[in-house]
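Shared between the two complexes below is chain A, which has chain B as its partner in the first and chain C in the second.
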Partner chain A sequence: MTDAPLLDVQGLRVAYTTRAGEVPVLTGLDLSLRAGEALGLVGESGCGKSTVALSIMRYLGRAGRITAGRILFEGRDLVSLDEGALRALRGRRIAMVYQDPMASLNPVMTVGRQLMEVPMVHERVDAAAARARALAMLREVRLADPEAVMDRYPHQLSGGQQQRIVIAMALIAEPALLIMDEPTTGLDVTVEAAVLDLVRDLRRRHDSAILFISHNLGTVARVCDRVGVMYRGELVEEGSVRQIFTDPRHPYTRGLLDCLPTSGRDKRHAPLIPIAGQVEPASARTPGCGFASRCPHVETGRCTTRAIALATVEDDAGHRVACVRVDELAQASRRRATLAVRDAQAPTAPVIAVRDLHKSYERRRARLAARKDVVRALVDVELTAARRRTLAVVGESGCGKSTLAKILTGIEVATGGSVTLDGIEVAALPVDARDRTLKRKLQMVFQNPDSTLNPSHTVGYAIGRALRRLRERAPADVPSGVARLLEVVKLGPEMAARRPRQLSGGEKQRVAIARALAGDPDVIVADEPVSALDVSVQAAVINLLNEIQAERGTTLLFISHDLAVVRYLADHVAVMYLGTVAEFGAVERVFAPPYHPYTEALLSAVPVLDPDAAASRIVLEAPLPRGDEVPRGCPFATRCPRRVGTVCDDVPPPVQQLDGGHRIARHIPAKELAARQVPL
Partner chain B sequence: MTTPETLTPIAADVVVPSSLTTPRAGGFAGWRHLALVTESVPATVGLAIVLAWALLALLAPLIAPYAPNASDLAALARPTPSRAHWLGSDHLGRDLLSRILWGARPVLVIAPLAVLGAAALGSLLGLTAGYYGRWIGLVITRACDIVLSFPVIILYMIILAHFGSSAWNIIGVLTLTKAPIIARIVRGMTLDLREREYVAAAKMRGESSLYIMLVEILPNARGPLIVDMCLRTGYNVIIIGVLGFLGIGLPPPDPDWGGMVKDTYGMMMVWPHMALVPCAAISSLVVGFNLLAVGLRELGLRD
Partner chain C sequence: MARFVAKHLLFLLLTLLVVSFLVFTLNEFSPGAVARKVLGAYATQEQVDLLTTQMGLDRPLLVRYVDYVRAVLSGDLGQSARFKAPVRDVIARHLANTAFLAAIAFACIVPLSMILGVMAGMREGSRLDRVILILSTVVASIPEFALGVFLASVFVVWLGWLPGTATLVAGGGWSVAAQLVLPVAVIVLFDAGYVVSMIRASMVEVMQRPYIRTAVLKGLSFRRVILKHALRNAMLTPITVIMLQINYLVAGVVVVETVFAYPGFGRMMLEATLFKDIALVEAGALVAVFLAVVTNILGDLAYVLLDPRIRA
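Up next is the complex of A and B:
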């Protein structure tokens, strides 16, 4: 390792040409990376993280242009290199892993050919040698049966396996620099944990430097040595993982950390503190600190007149902050927020009771085939949601969470079992057959902010229509009703005239919540309402849901794969696995030993901000079984780290009742489990 | 009680358009769309050609130098373009410029009307097929396939020969034969759009299927639909020309571009301008509609 950095970005400025003219996206970025070092870049979407990656690859596209600065890589300035020289570098010295593995792999080529291509093109080795290298690399990324994987096409692999292939492709040429842009964002937590562990391991073995871009601070803490926090095209703070996460100095970094539902926070005692406002468009840049408009410590004049450079924090080598008030703020304690404290934990009557619920889909093997496959989406689901409380349903994708929501809302009907909503049986009642009062009782907030609102309708129309349909409001009363609902979700009345494309993701989700509230429902089913949002926006929406529950006594059914959010928000939790409820109970009981081994695996997969966190976690290496591979006994048997024997494969686990309504379905007795498990 | 408190709610109802709601200058929505079209060169050129023809057709009674069916016996001897007849005259001594101007009128009425009819019928079929799926979708798509599998020219000849040739009948056949194509496009988009979460939200507040199809789904299919309608208007102009050429278009003696080619193409070797002028008129109008379609698609992709 030499003293000269491997990558040295100096005063990088990048602008995109849009209809409105040239918009600066990066405004004088400096960063450096030594050989073998891992630097994480974090920040909300739109702050220029990906642009940094694309600038280093010199892959900005037609609209982007580097207007100033230098990117020194191994002593050469990438900005002035020609296409031929860049081609020789890309893939060989600098490799990149993108967010969506399916888009990075060629669907018409076998995985093996794609892997072999890299050394064959860049190093001109023959096919046999390339094949040997590819196989070795597949073994390194811990793919079972590499020989068979070589002959597969990308669509025959799971998302986690695909991302491993992409990482193998990036590393096969032994690049000096590996750029990873949100490599685990689309993956389930358990898969994400396994991929992150892999990256951490490979780094040691290959001595590649890594530029790791993520909006998730936990994943960065798990992989990186140093962290750079970006805001509006600038680095606002930079330091070691420990410096950033234990002693953040910039108000933005502090704000980001205050938004995270880390362990120890809960909605009653330490609520999340969202950052005020939202990331302003790059075209609206003013001189001075980019964060000034949202900063709680802003001082007009000093903060807003001229550009603020990164400066090293006193007595803290390697920790640099771009804030003029850093010394005054050092002593200032972190903000604490108080929220309407909700009523005590007295148990309330169930409003939703689900018993023996089954849902299966039939699928013909082929057209005209007599045999039909039965896909069992829900098997014997049993749970209750208490009034005025939040029930969270968690599990990996494909576990049946969304199917459960569809049956509750009547978009699909169950094939067996019972669901009662306030005593009314609704399992077999499609939404068309429900009367107005029943429809009003239960409304839904959806996952995808881009598809939850009709792009052709104004916000006012969307909410107003719901008011008219569910409340039979006279047209004249609608505008005032819309304004009131917008106020409930903390939006101004002028929003009513906007269309969805003029709103940010968080605003769209607020409008969707207002629309769901129009009927004054007893129950709101929220299907991953915050998973597509940035952390600061996520915190605000979660707080909003909490406030609404406190004020209106709404029952929330919160579907999520994010255990950190669930632990923060929920009163009760149902952990689902392959259509069954593995564990159900109050949140403090479910998230404490004895756990179901699946809950234990999920919890240990949650990325934590602690740089000292031990790596002795449970990693599920086996993929989720396909529909026809589910064992007859315990559905989790194929992946369970605490298998006891063939009993797991053959006998469905008995449901064990523990204190306080806590239920676990597994073979190992609770006492034995509790003795072996540590709190996570 | 005119305290500020009582005034506030009224003020809140008056929606002030912020800078976000009106990204471009101009009050009337139509002008904004027009300003958008000018951002694409093909769309601007196409729109200019189409608007120019529409203007000429509209003003034909005022600006045409002669009555369209009036013969000038003097011109029979020298039908080539001259000061009296700018584009020359045809084999019966009728002024070509006047006939072209008057001939634009039926084309510019029939082609768009037929497209509107096809769009209405096709959207309804496509929405129904895509939204309900199952056997309804199957019946509709198969019926469309059957219509599309016919050789259209023969279909036109059979229908128009049987019912007689008139403007309304031409609109009718064009609607029937173009609707299946539009239905296919709309069905494809409906299959995608019906899975959107806002459709689920509409179902959950108890909207009727008709409302969901027309208010929630159809407006979001308008982009590709408008592009296709422009394209199809151009094709209709060609078909009207072909029908005129085959003698089953609009009845003579009123000018019809296709009919004008039919009457004079035999004299191509001697007086080429008699057939070429109406051909050029047809081509330019088709090119106009095509450029407009290409430009609109380009604009749609950019947003």
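Up next is the complex of A and C:
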């Protein structure tokens, strides 16, 4: 069995039964995995990557069905196994780690019991032995105080801790195959980095093979040896991490990589190139290449008449591509976009000026608890947004970036301090008290367009309503106004009659942007507008925001946790930590030494595509302090890798003013920091 | 936890105060109304006036209410006109009978609906699920009196297996146990139908949660997945509803008690109302409200005990 692969998926076809009939999701997938190897599966939502995982686990639900193919695992075909044999494999030889660890853990069972269950069921060991195993495993996933963690319920742990529990639960039986389905999606970037480092580390100690599924190419590069790129239920390219990321051959892989705001790219130098068109539904499958309708190199006939199999690239062992034109499309043919539009006007007066802004909430510790905590969501926040520019606000969840947006829009009012919008004080002005002109000046775009668009209204009605409300349009003018706004966001006029459920995620977000533009606002506050979108769609929306800004002179306040996007899009950046601004300045200054230690940690946590990336990263092991545990001194003191001493705990750090309006709040002098830090 | 109990007790007191005032006011609002109700339509106005003065009913409403509250607090609920006995004793006797019936019914309803609800919900859309769903919907939608009359005509009139009344007096050759079968059966069928569908719905939802997938893919047997992972989660939502059934069983089974001539609390209230036995109606209303609030508190408490996320 030395040469036989651990997992060998051959011609796997899976279909889901829907009301419209049977829809094929996987159409003849081949992949194999040797013992101890880590294979990444990447692709956009709907490409079938999770279906691969669930097929291997034989957990497709009642709607899913394996229609053809074999899944050989340790020489046995999983497709034909009965329930009893599957049970013996699941959790013991094949284990799985899921997205959203909170939902994956039983909320009414202590994590210790959930861990102990695995050896108790599979190996029939007694409770004491299972407990010892669980404790050892918790230590291995680097959870502090494992004894105490054993007795906790999932909700008492942070997201990162929960995912470590799920990983411990998967590895406790020493499985031969570990399937990880988007294990870091939804985690903060610093937590993600720590979890990925843990997985890398565990790989070395356990010889489990890993099937790592992710939409984030950077995370795959950090963990895997090989990568498979999926598109519409097929593997279109497969190879080593280096082959895929430095010499992609399939037009789709190239398209994906060109959409990524990888480090070093920004809107001034190398604009993102979105993939044209959108994924066609699985039910509308035609013979030939699935990517043909969006491919810039398509050749009718050769590409569209028959199915295209994976073939090994010449002189490149292990690199397989499903493209008939692979030899003709040399590497040099990758597209390079021309310079993006750039408004060269000199900086103007700030549109938004925030000074000494405070916001605190009172919160019960639990539903039945007597004591109330005062949670300080914003402390002494000071920043400005220049007209016609993009100010990005970044930070981990809970840093106060969304609270800031809520105060700007008037959904919340500040507890203290001042916020001016075009010179008008709005900090204490709730949205109901704002007049039409003020409301018009500032509009918002939210993260999840699904929950912000009313499903029963047509697109035309939603945008038209904003036009009538904010612009006092006569009813006859509205349809033309709607069509014009749809054109601005690059949607056809026929979209006006559609309802949100008939739109894709990217289209919905465009509609949300069009609605925000209805009032011709001076400022658009966009709270994580691209976080829920696939990378190719994300690139298109980012480009759209850029163009709108250049054409209309809109100021954009861009709230994001994604530093790559921020570096690409922003002119100015405010890095927030626990309600305070740790660092503020022009993007090229903030993203270069001297950094605030927190900025440094955030930047080094971003998973990069470069397979050679140095492993010397800063990993924040300590969790984010809770609202009532914020240190007296520097808020970052509990996690800071560059602590200088007790001064950090006791004294709030002074704000140091550097060149060009760049300011950093910390104890270490800028020169000293610059000397110690390397550009990231 | 102390705070939880204190808060709810305060709420209980407040509710009792408000309800007692409302009931008192509605019954005794117009001067002379009480005496008229007591004496009936054929009494002369003079007799009514005399009784009104005798009972002190011509005093302002608020004064009388304060007096009433004082009396209730000292344990004096007044005299029942219908049963010619102290209200306290009348209520205690009937409440004990009802509690007996309710306890038996509750002891059947809870395990029965848990078993059926979980079995239906664990495999949504299976044949077993559909059978249980249809049966529970049918029995829950037949009114109690129709169900009572139907069962009585089958088992009493046609088959002659069971007695048609449950007077709790062992006579006519029927034991008390035999007398209880039909009332309990009607209550259980009617009420369990509703509770089963609640538990089933909750179970269906729980079975779709990611942690059930985690449990299955850990290689646990289906039985273990259901018992160890799904059951407790599936009981979270219905537990409050289940506790509220105690309230229904004690104060809401008027129809069943009437159909089977059962000497319980519900029938006592009905009779007291028909006979304009004001003291008994007022005291009975207080007892019913007390039970309603207490069962609500029990429901909340059970929820807290089941769900660690709510415990501080």
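Just so we're on the same page, the second predicted complex is superposed on the first by the 665 of 680 C-alpha atoms of A that agree within 3 Å, B and C clash if a C-alpha of one lies under 4 Å from a C-alpha of the other, contacts with A are read in each partner's own complex, and residues count from 1 in each chain.
Rule of thumb we're sticking to: a contact is a pair of C-beta atoms (placed from the backbone, for glycine too) under 8 Å apart; a residue touches a chain by one contact, two chains touch by 3 or more.
Treat the numbers as computed from the prediction; the structure is a model and nothing was measured.
Enquirer: Which partner chains sit in contact with A:Ser104 here, chain B, chain C, both or neither? Use first/second/both/neither.
Expert: So A:Ser104 only meets chain C here.
Enquirer: In the overlay, answer first, second, both or neither for which of chain B and chain C A:Ala68 touches.
Expert: After superposing on A, A:Ala68 lies clear of both chain B and chain C.
Enquirer: After lining up the shared chain so the two structures overlap, which partner does A:Val298 touch, if you call chain B first and chain C second: first, second, both or neither?
Expert: Touch partners of A:Val298: none, neither chain B nor chain C.
Enquirer: Look at A:Ala497 in the shared chain and tell me whether it touches chain B only, chain C only, both, or neither; answer first, second, both or neither.
Expert: In the superposition, A:Ala497 contacts chain B only.
Enquirer: Between chain B (first) and chain C (second), which, if any, makes contact with A:Leu60: first, second, both or neither?
Expert: neither
Enquirer: Which partner does A:Leu453 contact after superposing on A: first (chain B), second (chain C), both, neither?
Expert: Touch status of A:Leu453: first partner only.
Enquirer: Looking at A:His155 after the superposition, I want to know if it touches chain B, chain C, both of them or none. Which is it: first, second, both, neither?
Expert: second
Enquirer: Please work out whether A:Ala428 is in contact with chain B alone, chain C alone, both, or neither, and reply first, second, both or neither.
Expert: neither
Enquirer: In the complex, go through chain A and note every residue touching chain C.
Expert: 57, 59, 62, 86-92, 95-96, 98, 100, 103-109, 117-118, 121-122, 153, 155, 166, 169, 365-370
Enquirer: Which residues of chain A touch chain B once you look at their complex with the stated criterion?
Expert: It is residues 19, 409-411, 431-432, 434, 436, 439, 443-444, 446-448, 451-457, 462, 465-466, 469-470, 479-480, 483, 493-494, 496-498, 502, 512, 515, 518-519 of chain A that touch chain B.
Enquirer: Taking the touch rule as given, give the residues of chain B at its contact with chain A in the complex, in rising order.
Expert: So the residues of chain B touching chain A come out as 9, 12-13, 15-18, 20-21, 39, 196-198, 200-201, 203-207, 216, 219-220, 222.
Enquirer: In their complex, what parts of chain C are in touch with chain A?
Expert: 1, 3-4, 125, 209-211, 213-221, 224, 228-229, 232-233, 236, 304, 306-312
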